[in-house]
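Two complexes follow with subunit A in common, the first pairing it with subunit B and the second with subunit C.
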Partner chain A sequence: MELCFYNSKNGYLEAILRGFRSSFLTTEEYKKLTEADTLEDLKSILEDTDYGSFMMDEPSPIAVTTIAQKCKEKMAHEFNYIRAQAEEPLRTFLDYIAKEKMIDNVISLIQGTLNKKSPEELLSRVDPLGYFPQMKSITSMDVQNSHDDVLKVLLIETPIGSYFDKYLSTNTPNEKNNVSTLLNDMDIEILRNTLKKAWLEDFYNFIRKLGGKTEEVMGHILKSVADFRVLSVTLNTINSSLSLELQKDRNDMFPCFGYLYPEGTDRIRKCWNNETVHAALENYPMYYDLYEECKQFYMKNENMNENKLVDNNIKSLEDLLYVKLVKLCETAFDQHCHFGIFYAWVKLKEQEIRNIVWISDMILMNRKECIASIIPIFEPQTDL
Partner chain B sequence: MEDLVCPLAVLPTAGGDREGGGSRSDCVSMAALDLRAELDSLLLQLLGDLEELEGKRAVLNARVEEGWLSLAKARYAMGTKSVGPLQYASHMEPQVCLQASEAQEGLQKFEVVRSGVHAPEEVGPREAALRRRKGPTKTPEPQSSEAPRDPLNWFGILVPHSLRQAQASFRDGLHLAADIASLQNRIDWGRSQLRGLQEKLKQLEPGAA
Partner chain C sequence: MYNSWLEIIRSISPYNWALYGIAMALFLSIVGAAWGIFIAGTSIVGASVKAPRIISKSLISIIFCEALGIYGVIVAVLLHIKLTGLKQEVQVPLVLTDKTDPLIMNTIWGGWGLFAAGLTAGLSNFASGISVGITGSSCALADAYNSDLFVRMLMIEICASVIALYGLIVAVVSIGDVQLT
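Entry: the complex of A and B
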């Protein structure tokens, strides 16, 4: 029955998305990209892939940020094509995917406006997936002084207003003064992470209401993403000189779900250094192994010779988490009739764009030996 | 030149002019020997400095390369939008200053030191003694009255470790750049000293030159 009802509403869009699945760059195409000597060569090679002539109108010389932006625009175009034809509840599901990027865009616009960047520059750098018309008004706000306008825009006119509202109501008593504190003194990165936490929990609750195979697949992915967020926030704060001050803020950013929640999260909340994190993860073999693999990156290596401060062969936690996320998203395509493939496709496309940007940076820096650290997507399995 | 004339040459001798002339050439030879020894020592010092300069330049190149690579890793982890010009204002206060001081023999030495909290126009750029002040005193704008923010915090507090590594690499590079400038000054001074000594030697031993 689920198959029948699903296909009548969403079969066409799932078919379109599975068509998009075949457009990911293959191993041979990555090999060609690594042979490029300049960004112009890279652009020519990408024109022979599914990206086509997406940078046809861009003047030379091309910048890496332009390549990234154009790749994102192509992805957003395909995503919006699907979203425009989606019925409920898929429409709301896709809106949740876009909201994550809206949070990033709003924070970037606020940050850029505080740094007195021009509106044109700010709007040219927003993520097209998270675009919504009302965000343009943020660039013309007087974020330092005009509290009422800021409140109106942030809390009412943005699709993510409920997350701002939740943040303000749980953290600070006086609404108006909060906004001035928010934008002047409060660290914007902590605000972004708190909003992301609210979004993730909201998305997870929506998935649970949907039930069925979507809950099974997306629930697993979102729980893993929540755990990844806990690990990432923890390791980035304990290695900071402000670790003790940040501890309370850090603990407030941990999502209230996931495989680590609640016992693992409680143990991690009390961690203050690498050893305590090590001990907290003992009962979670997958995360314990992950931490073992990357802990050297966070410890000073005394055997380094003086000419090499950084060892490029040691992977950071973010590198390993991206590998895990790619595997999760690839697995989502193994089942039919669920919404998880839409989320998985977006995440895999983002990884592909990260790969392309990394290759571009390494070409510019003449460090082609570092290109091998990209994460291949849907790599053919040769040995079973 | 008068300093190089052997005092024995001015003393009356019973042997007449020949003995006096022989003593003078001995004095000149001794002076030349001393000069050669000084020249050798200076040359060795210069070669040592050049070797040190070569080493420091290689380390500086490595640090700057590593810094850029770590920045690229940070962009990979955080996203291209999160590590870029939107995160910092066009106007920024320097965290460190270059302090020039005179070392021995009049050589200028450079050192990178942390700058104070005051605006640049309140502290002379040539002041050798830097004063660290605890809190805001006279600055008009609220932003500059606080201690200068760590540039790492432009990108947030929860930054990935690769961004910290990038900062550490560039900081090391900055100190190395100051050392290299001091070393180059010393090498230039050494070269001019070498040329001077070679000129003196030429005058003492025109045939040998």
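Entry: the complex of A and C
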């Protein structure tokens, strides 16, 4: 029955989004990009694709960051076009997608303000998808001198305020919520991960309420994303130089849903090095194999300290997880009449921007042989 | 005085049922056609933003839906022709024997038959409308992505629209059988 009623509210937007989907860079275009010698050539090749003249006004020596920023602006422009016309519940769904970027923006603004960078520089490097007007007041936040309540109001007023609230209430149960010490002392990464966990759980509850095909498709995607978070948080803390006590904090960053929840996360909680994590993942063949593949990266990391890690054959967990995410998002487009395609499009566009930035970096560093490690999107299946 | 619900329903005049048949035929066909048009139309409009070439071909889906409205009108008009005004008030007896007046028999058969014919045509157009709409929307989206797919998807749509024709045929045949003098 969903098929009968979906189109009245969302038919136009879904069709527009599928139009965007057909404008991803193809393998031929990636080949052309790899043959570019300078960034100017790259820019002119991109002009032939759907990107068009998006960088027309940039002055001649373009930097890689400008390319990335302009690509993100184009994506944000298309996303906002869709969001402006969306009706409930699609509107809330798209807001959730934007909130993820808002979290990243707020964290980078806080970091920048603490390091005393200028507001204009910070605001120009903000991700345009997660833009919200109250952002500017964060740059003028004075952490040392302001009263705690002012800081609290500032953070809670943002659209992601409820996640900050949850973080503050769980982290300082005994004393009064002492925001300024929290912002100065604790690791910003822990804050970011906790906010992302709160956002993921919120999003998951929302799609559970929506039900139907959206729940089916997005449920699968979000559960996989939650598992990826668990794996990457675990590996990052184990392989970093954090003390064991801070490592215990990582347990709070595991989302309360996902295919690994609750038995898998329970076993991973008790692990303290790579081998035990490997053993804990025994029951989940996909993650077990994933871990096998990227083990080499981390062992090599321990053995030698030189910068030989851009070796093509050894991928870190992040690279492998990106590949898995791309596959998930591609399959989301195979069904009609659900909201998963909006989320999938945003993720695939991000991956494409990462690919373009990687190619530009490799061109600048004159290491064209590494260009093959970009992740192709919607590659035509030839092995059927 | 009526003794049960059955008596009440039985004694509703057959002309009443016949006129409801006309209303149902037209109403359900129009709802089906409208539903189909909005399902297919929103997708066609959105998909043609990035791929303007699909517009002319996708109008076929809309025309299929429109045809369902026309079938509804045909059936309604045919039904109406059979009804030439009340000749006499008919009392439907509870039990029909072979001694009942043939006029009453004809009227009862006519009334209920026209109702059934109208409902047949109406409901089949309604179902076909939704079906053509959904396949039309998928057809437009597939065509926008890859133009080879259009003709194959059109086969499916043709099948979806032919089922309305079956309803029309059955309705017309049942109407032909009726003699409301």
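Here, the second predicted complex is superposed on the first by the 357 of 384 C-alpha atoms of A that agree within 3 Å, B and C clash if a C-alpha of one lies under 4 Å from a C-alpha of the other, contacts with A are read in each partner's own complex, and residues count from 1 in each chain.
By our rule, a contact is a pair of C-beta atoms (placed from the backbone, for glycine too) under 8 Å apart; a residue touches a chain by one contact, two chains touch by 3 or more.
Nothing here was measured: the structure is a model prediction, and the numbers come from that model.
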Exercise for the section: Check whether A:Asn283 is in contact with subunit B, with subunit C, with both or with neither, and answer first, second, both or neither. Expected result: neither
Exercise for the section: May I ask you to decide whether A:Cys4 touches subunit B, subunit C, both, or neither, giving the answer as first, second, both or neither? Expected result: second
Practice task
Determine, for the superposed model, which of the two partners subunit B and subunit C contacts more residues of subunit A.
Solution key: B
Practice task
Could you say whether A:Ala15 touches subunit B, subunit C, both of them, or neither, answering first, second, both or neither?
Solution key: second
Practice task
Quick one: classify A:Gln335 as touching subunit B (first), subunit C (second), both or neither.
Solution key: neither
Practice task
Classify the contacts of A:Ser23 with the two partner chains as first (subunit B alone), second (subunit C alone), both, or neither.
Solution key: second
Practice task
State the interface residues of subunit A toward subunit C in the complex, per the touch definition above.
Solution key: 3-4, 7-8, 11-16, 18-23, 336
Fill in the blank from the handout: Per the touch rule, the subunit A residues reaching subunit B in their complex are 64-65, 68, 104, 108, 111-112, 115-117, 121-122, 125-127, 187-190, 192-193, 232-233, 235-237, 239-240, 242, 246, 250, 297-298, 306-310, 312, 316, 318-319, 354, 357-358, 361-362, 365, 367, 370
Completion exercise
Counting only contacts in the complex, subunit B reaches subunit A at residues 58-59, 62-63, 65-66, 68-70, 72-73, 75-77, 79-82, 84-90, 153, 155-162, 164-165, 168-169, 172
Practice task
Could you pull out which subunit C residues touch subunit A in their complex?
Solution key: 35, 38-39, 41-47, 49-51, 130, 133-134, 137-138, 140-141, 144-145
